[in-house]
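There are structures below to look over.
Each of the next two complexes has subunit A plus one more chain, namely subunit B in the first and subunit C in the second.
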Partner chain A sequence: MEEIVLGIGITALAGAFATVAGAAEDTESDIGSQGDPNSQVQLAPQMGYIHRIFNKAISGEPPAYGAWCAIGAGVAWALMRINFNPALAIILGSVIAVFVQGVYCTSGYLGRTASLAKFQQPVYIDIIKSLLSVTMAHAFVAIFCTVAMCHLMATALHHPFALPLLGLVWGIALGAAGSATGNPFYGKERQYQNQKFGAGVPISASGNIVRYAEAGQRSSLDNGWFTTKFAGPASGICFGLIVFLELWRTVLFEKTVAGWGAIIVGVILILIFTFIDRWIEVWGRKTYGPYTAAEEASS
Partner chain B sequence: MSALGGAAAGGEGINPTGTLVGIVILLVSIAATYALGFSIIPLIGIIIGGALVGFGVHFVPVGGAPAAMGQAPGIATGVAMLAAGAGLAGLFGGAWAFEATGDFAIAVAGGAVGGGLMMSITCMMVNATYVFAMGIPAASGKVAKDPITGDTFPEYKSQGTEGHGLPFISFFGGVIGGIVTGLGGTLIYLALLGIYETGLPVIMQAETAAIQPLAISLAGIFAIGFFLVNAVLAAYNITGTIEGPHDPKFKRVPRAIIGCAVASAFCGLISMLIVLNTGM
Partner chain C sequence: MSVKMEASAGKLSENTLMIYGIVVALVGTYLTYLNAVTGIAVFSFFGGIGAIAALWWGSDTIKHLCSYGLGTGVPSAGMVAFGAGAIAMIAGTKFGLASPIVTLVLAAIIGAVIGYCANNIINMNIPVMIFSLMKLSIVGALTMLGFAAMCTGTFMFNGLVIGGMTLSMEPAEAAAGGAQTFMVTVLPEFASSLIGGAALTVIFFLGAIALQHPFNACLGPNESQDRTLMLAIEVGFLSMFVVAVMSYAFLDIISATVGVVVSLIGWVYSYKQYIALSKRDAYAWLDAKPIIEVGGNE
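Right after this comes the complex of A and B.
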């Protein structure tokens, strides 16, 4: 019984870490413009729209966060092997991973922006100076929380994978959840704030991203401010739910129904989310209605 | 012919010469495994697992960059990345279930459910974002009617787009994709774990219990590697974006299954060579 109570506590803590990690990951990727919406940041100068948005997408978020979390977890694991305090080891591991992320951001921005030289897009050094530390700070929170969560899984919940391997697995899952949930909000609602609300961006508008703020030119910091209102927390809820429910169903039900309990609960959870999704879809159709009459659309 | 002088398009067909070469590589890999003194059962497990990963990736609705602007349906990220995220979450669950129960069927089912759960939560949050934060209803660009719910789509597509969000058939595809890729990944992991648990103690002349953490870590790392190989191969077959099982691109699945089976067979042989007992 004590073991289960401890397991539930660890599960809740891991879920909380995952929620913070998801929110920080998405905000970092929106400020740094790393996800799929960055295609528009890269496209804009080619369409004649010069801007001051950060541009660092060399790889997608999942492999990038897989690499950073694996580095953080690997260094932390090595330090713990030589008897470092786990908290200190995780902090130092995350710091080293964040330096790798900083190098990646700098080379990403310089490389991608320099490739747009023929379209007169300047490389703004002040953008690197002002935004690099912000993305690194958010990445630190995301990496630290993920590595700490993996440490709990390895030591308190006795998952068989070593810490660096858990870092890689959950880093990739973190990037996948964050990019899936957060990208549309940054891509449509922020980059194309000049387009109509409640409709997708017409393909003909591609590249015409919003480049001006209330005063002066829009900075990626403004994008971070905007996306933390929904995309960051939503990504956090997404990743937090994934981690919490995955651990919860295993810790509580693994030993029931001859070992099949966790699987049965997993199937029930999938069905519950299916019903919620269908309810959201029907609610959207009923609330917003069709854009055109059915006959007109089909003709 | 295209402007570059090649064939007009990749198409859905299967290239007979390429398939023949692939089958030869697959058979040679199996024969080499047998000749080197390994059991071919784990390799068959790896091949089936790899083919399942390639098959499952095609179910996952991935819209890439256009989906991030609400220009096309699907999840706004890359094919291989999302499938890897789901499959690895499944692998995490499967490995844990095997550690706790030691039962093959429970571990494989645990991996499948882990992948499906990750995808169901992610797909639900995608729709929540589109509907509640962006005010955009789901609409497919590839079919006029949802094959499961019967919802019509043309009137729900906003002007100048190919659709947006995740219609129910795409959600369903995402969950099935997560289940199948999680199952395939766990199958590969268990096959590799069996090889290393028996092979490592012999070549390292150590107790099985002492070698267990190394065997688990090696099997986990190789399983992730296999996963990425198969997911990327499937992504090449998809070329960009796919809406799910109702998308015409889904017909390309047989080609991916052959490609992933061949790649898994060859990579499986390489992964076994680590524990080859040369008597030295």
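Right after this comes the complex of A and C.
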């Protein structure tokens, strides 16, 4: 019984870490403009829209965060092997991972922008100077929380995977959660505030991203300000729920039916979430969907 | 049938790059054998140099493969290279002193099979697909082998699953694994080795991200070969730095520090060169200046 109570406590703590990590990850990727919304940032100069948005071309968020968290976890693992204190090892691992991440950010921006010289997109070097520290700080929070969470799983919950592999798996999950949950707020909403609400992104508007702010010119920090309100917390809840429910079902039902209990509960959870998703989608279409009404009115 | 788009023609032909890449990667990996000959591990960093050479060549191969309209597939190409390379590398290390050569041959075979499946079964019909995937698999395998040799000081399978040449064999309970039971899995003290402790995962991802990044970051109409290749060297040294830090777990302090110093010197030099090349290629290099309007209807 005591074991299960400890397990639930660790589960809750890991879920809290994951929530913070998810929120920080999404804010970082929106300020740095990573993932699928970046294709529009990349396209804009080719359509004649020169902009001052960070263009962080590394790869999709899942592989990128898989790499950062694996680096953080791997270095932490190596330092713990030579008897570093786990807290210090995780911090040093995250610092090295963030260093790598920052260097990749600068080379991604410089490379992509320099290759767009044909379309007269200049390199705005102040973008790197002013935004790099912000994205690196958010990335540090995300990586540190993820690696700390993995360490909890490895030591307190006795997960069979080694720390670097846990870092990789949960890093990919973190990037996927941020990419799937948070990015629409940035890519479909913030970049296209000049389009009619709910219109999606028509082909003719491709590359015509919002480049001017309420006063002056839009910086990627403004995008971070916008997405922190909804996208960050939404990604945090998403990743936090993934981690919490995943550990919760394992801790509680691992011993039931010779290990099958946790798997059965997992399938049931997936079914419940499929039902909720479908219900929200139908409800959202009925309540906010503009298309049916507009077509009836015009015909 | 995909249409070939322009890939920047560079001074160095792809075959020249391939020869340099393979030779330096193999020589670098073999130089780590000096560790076993001399009994000190300071030669480990040569493995990292070999891995950088492989990445340097591979980033150019990715450019030629991905110029067939695979813009968003650039990161995936890095992943498939290392996925194929990981199999070849782990199997290849069983062959003792011949390991690097066997790894190369195995990777070529696996790459050819994957390329055949992609081209003839999935019908992607890209003319260079089979040969490119063969080359990318070799790049993946040699990069992992080089970094693994740098991290542990050896490229032999036993060293990679039991520990480096100077590793003391205490079971590391603190290091995540240890002999613990979770459901049915029991992990012996292999958990403190490069493969058993899954540190190879980090090398896998360091290499995969570094392999795809140069072309992915530099693609565009004004991509130039020397800048892309310099970025490949830069991310190679950056990956080598992380591997060097991790090698503190397997090597003695002096050997690991040599790796850290070499990688940092190489990284600083190549990063400065890369920034200079970006400055050369950029349309303008502006600091805190407004948007230049060139058209587009605001």
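One rule holds in what follows: the second predicted complex is superposed on the first by the 288 of 299 C-alpha atoms of A that agree within 3 Å, B and C clash if a C-alpha of one lies under 4 Å from a C-alpha of the other, contacts with A are read in each partner's own complex, and residues count from 1 in each chain.
To be clear about the criterion, a contact is a pair of C-beta atoms (placed from the backbone, for glycine too) under 8 Å apart; a residue touches a chain by one contact, two chains touch by 3 or more.
In this text the structure is predicted, and so the values were computed from the model without any measurement.
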item: First, second, both or neither for A:H159, with subunit B first and subunit C second; value: both
item: Subunit B versus subunit C as contact partner of A:L241, first or second or both or neither; value: first
item: First, second, both or neither for A:A67, with subunit B first and subunit C second; value: second
item: Partner chain in contact with A:V267 - subunit B first, subunit C second, else both or neither; value: first
item: Partner chain in contact with A:Y104 - subunit B first, subunit C second, else both or neither; value: second
item: Contacts of A:I96 with subunit B and subunit C, given as first, second, both or neither; value: second
item: Partner chain in contact with A:E254 - subunit B first, subunit C second, else both or neither; value: both
item: Contacts of A:G187 with subunit B and subunit C, given as first, second, both or neither; value: first
item: Interface residues of subunit A shared between complexes with subunit B and subunit C; value: 39, 60, 63, 158-162, 165-166, 168, 254, 259
item: Sites on subunit A touched by subunit B in the complex; value: 35-37, 39-40, 60-63, 158-162, 165-166, 168-170, 172-173, 175-177, 179-189, 191-192, 197-206, 230-231, 234-235, 237-238, 241-242, 245-246, 249-250, 254-255, 259-260, 262-263, 266-267, 269-270, 273-274, 276-278, 280-281, 283-285, 288, 290-294, 296-298
item: Footprint of subunit A on subunit B - complex, ascending; value: 64-71, 75-78, 81-82, 84-86, 88-89, 91-93, 95-101, 103, 106, 109-110, 113-114, 116-118, 120-138, 144, 149, 151-152, 154-168, 171-172, 175, 213, 216-217, 220-221, 224
item: Residues on subunit C engaged by subunit A in the complex (per definition of touch); value: 72, 74-75, 78-79, 172, 174-177, 180-185, 187, 191-192, 196-199, 201-202, 205-206, 208-209, 212-214, 216-223, 227-228, 231, 234-235, 238, 241-242, 245-249, 271, 274-275, 278-279, 281-296, 298
item: Interfacial residue positions of subunit A with respect to subunit C in the complex; value: 39, 47-52, 57-60, 63-64, 66-67, 70-71, 73-75, 77-83, 86, 96, 100, 103-104, 107-108, 110-126, 151, 154-155, 157-168, 208, 211-212, 217, 254, 259
